[in-house]
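In what follows, chain A forms one complex with chain B and a second complex with chain C.
Presenting the complex of A and B:
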C-alpha cells in the first residue's frame, strides 16, 4: 500500500511506474488457466483449448510409454509387471480417451495446416464452420472406435473372457 | 430501465488488490455502457476512473472488458449488455496490462510493441513532384488493416499475450501488415524480420479472440496469417 504522505501528487507524475504503484496479475500459464473460462471467446477458442489438452495428454502418454518400454532393457521383470498392470480396466478406458485425443489433435491440426496456405479461409465464420466440420468427422470416427474398444475392455478385463 | 453494474475497482493509494463495486443506475435501453459508467462517475462515485474521449467509437480510448469480452464501452448498448449479463453488466479493465486505477490501464507496453514494427511509411526514394501514386487494387490490398484505432482490445483478449507479455500482439501485427503490403513502402524486410522473431507472429495460435474483440471488425487473424505466409515465401502477393 502506498503511503499518501510520502506520495504527493506531483511526485507521482512520471515516477509511479518505478515505484510499482499499479496492479497487474502476473502473466503466465496461471493467468491463462484462470482467464480462459472467464473470457467469453467463441468456438475457435474452445477448439484451441481442446487441441492443447489433447496434445498435452498425448505427450503424457508418449512419455510414459517411452519410459515403460525402456524397462525392457533396464529391468525386464519390472517391465512384465508393468504390462500386467496395463491390463487393468482403468488403462483400457485410458486407451479409449487416448485415441480420442490423438484423433482430435490430428484432425484439428489438419484443419489448421489446410488453412495455413489459404489466408482467405481465416475468416471467423469460415473457421467456425471448419471447426464444426472437424468435430463432425471426429465424432464419426471416434464413436465407432470407442464402442469397439469399450466392448473389448468390457469383455476382457471385466468379464474376464 | 434499472441497470446493475459490477465494476472492478482499484485505487493504488488504498488497495492492494482490485475489488468489485456494485452500482444501480437508471438508463435508457438504448444508452451505451459508457453512459451508465458516466452516470456512476457523475452522480454516485466521482472517484471512478476511466478513459474515454470521443464517445463515438473513433478514438479507441475506452476499450474494456464488458461481460467477459473486450470492446468499446461507447459501442455497447445497455439493453444488449443487460440481456447478455442476465441483469448485471460486468466491467473490468483490459487484461494483461498494468492497472493504474479502476478501468485505466498502462498502455505503454502495448505502444512499445507497436513501435517495434516501425509503424510509419518507409521510402527512401526522393519524394515525387506530387503524391506517391497507387492503383485502387494496390490500395485495396491492405485496406482492412488501415482501420485500426489502436484500442488494444485485440491484444488483451489474446491468451498468447496473457501467457507472455513479450508477445508482440495482434494490434502490432495489424499495424505492420498495413505497411508491409503498401506498394509505396520499402520497409517490409525489416518489419518481417521483427515479426519473425521469437515473440513475433508465430505466437499466434489462431484463437480468434482478437477478431471477435476488434471494434472495427478487422479480420486480424487473416492479416497475421498473411504476414506468416510472407515470411515463409518471401513474397508480398
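Presenting the complex of A and C:
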C-alpha cells in the first residue's frame, strides 16, 4: 500500500471524502444500500426491506393525497382537475402498486406486533414461517385486488369505456 | 443442527428519557387500528368505487350528507400520518448520522408534517361548499 502522504491525489480524495460526508445528509445510506444485497438475512431481511420501502412509499402518497383531497374545500375546481389527472393509466398503475404497499405494510406490521406480544416467536425459524404465511395472505388478498383494479385501468383509463 | 440464536435479543424498549416506549406503543396501536381503517378505505375508494366515480359531488355526499365519514377520515388522517411521520423519523435516525443534518431533517419532517395535518384538518372541518358544486348536485326536487 502506498503511503497516502506520498500520493497527493489520494490524499485529496481522502479530503473530499471527508467533506463529502459533511455535505451529504445521508452518509450512512450509501453504506446501507451497498450492504443490503450482501447481507444474507434471507426472507427476514427482505420482509424488512419491503416493509420500509412500502412505508416510505405510502407516506409519500399520503402527503400528496391529504393535500389533493384538501382541495375539495380550498379549490373545488382544482380538485376535479386533479382527479382527471389521477384517471391517467400511469396513475392507475401507481394506485395498484400503492394498494400492494399498504397491504404488505399492514399485514407485515401485524406480524411484528403479534410477535412482540409472544416474544418466543422472534426465533428465526418461527419468523421464517410467519413471514411466508404473511406473504401467502398478502398474495391471496392482493392478486384479486390487483386484477379488479387492473381491469378498471384497462376498461376506463385506457379504453375509455 | 445449526446454532439458532435464542429469541431474546429483541426487547420491548424500556422507558427512557425520550419516551421512546410511548412511540413504540403508538406505532402498534395506530398500526392495528389502521388495518380496518386503511384496508376499508382502499376497498371502498379504490375497488368498489374508483377514481372514475369520485368528484366533488361524491365527496359532498360522503362528508356533508353522511357526516360519520368525516370521523372515519379524521381518524385515518391523524393515525396514518403521524404513524408515517414517526416511521420517517426512525428512517432518518437509521441512515443520517451527521448530528446537525439529523436534527435539521427531523425538524423539517415535524414542521412539514404539522402543516399537512393542519391543511387536512381544515378541509375536513370545512367540508364541501355547496356553492362550489356542479349542476345537478345535489339533485334538485
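The rule we apply is simple: the second predicted complex is superposed on the first by the 134 of 161 C-alpha atoms of A that agree within 3 Å, B and C clash if a C-alpha of one lies under 4 Å from a C-alpha of the other, contacts with A are read in each partner's own complex, and residues count from 1 in each chain.
Here is the rule we use: a residue touches a chain if its C-beta (ideal position, glycine included) is under 8 Å from a C-beta of that chain, and two chains touch if they have at least 3 such contacts.
Predicted model, so just to flag it, every value in this text is computed and none were measured.
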item	value
Partner chain in contact with A:123 - chain B first, chain C second, else both or neither	both
Contacts of A:29 with chain B and chain C, given as first, second, both or neither	both
Chain B versus chain C as contact partner of A:38, first or second or both or neither	first
Partner touching more residues of chain A, whether chain B or chain C	C
Chain B versus chain C as contact partner of A:48, first or second or both or neither	first
First, second, both or neither for A:59, with chain B first and chain C second	second
On chain A, the residue positions that both chain B and chain C contact, one per complex	21-22, 24-25, 27-29, 32, 116, 119-120, 122-124
Interfacial residue positions of chain A with respect to chain C in the complex	21-22, 24-29, 32, 52, 55-56, 58-59, 62-63, 66-67, 69-74, 76-77, 79-80, 83, 86-87, 91-92, 95, 99, 102-103, 106, 109-110, 113, 116, 119-126, 145, 148-149, 152, 156-157
Residues of chain B touching chain A in the complex	10, 12-18, 65, 67-69, 95-100, 106, 108, 157, 159, 161-165, 205-209, 211-212, 219, 221-222, 225-226, 228-229
List of chain A residues in touch with chain B within their complex	1-2, 4, 7, 16-17, 21-25, 27-29, 31-32, 35-36, 38-42, 44-45, 48, 112, 115-117, 119-120, 122-124, 127
Interfacial residue positions of chain C with respect to chain A in the complex	4-12, 28, 31-32, 34-35, 38-39, 42, 46-47, 50-52, 54-56, 59, 77, 80-81, 84-85, 87-88, 91, 94-98, 101, 104-105, 116-117, 119-120, 122-123, 126-129, 132-134
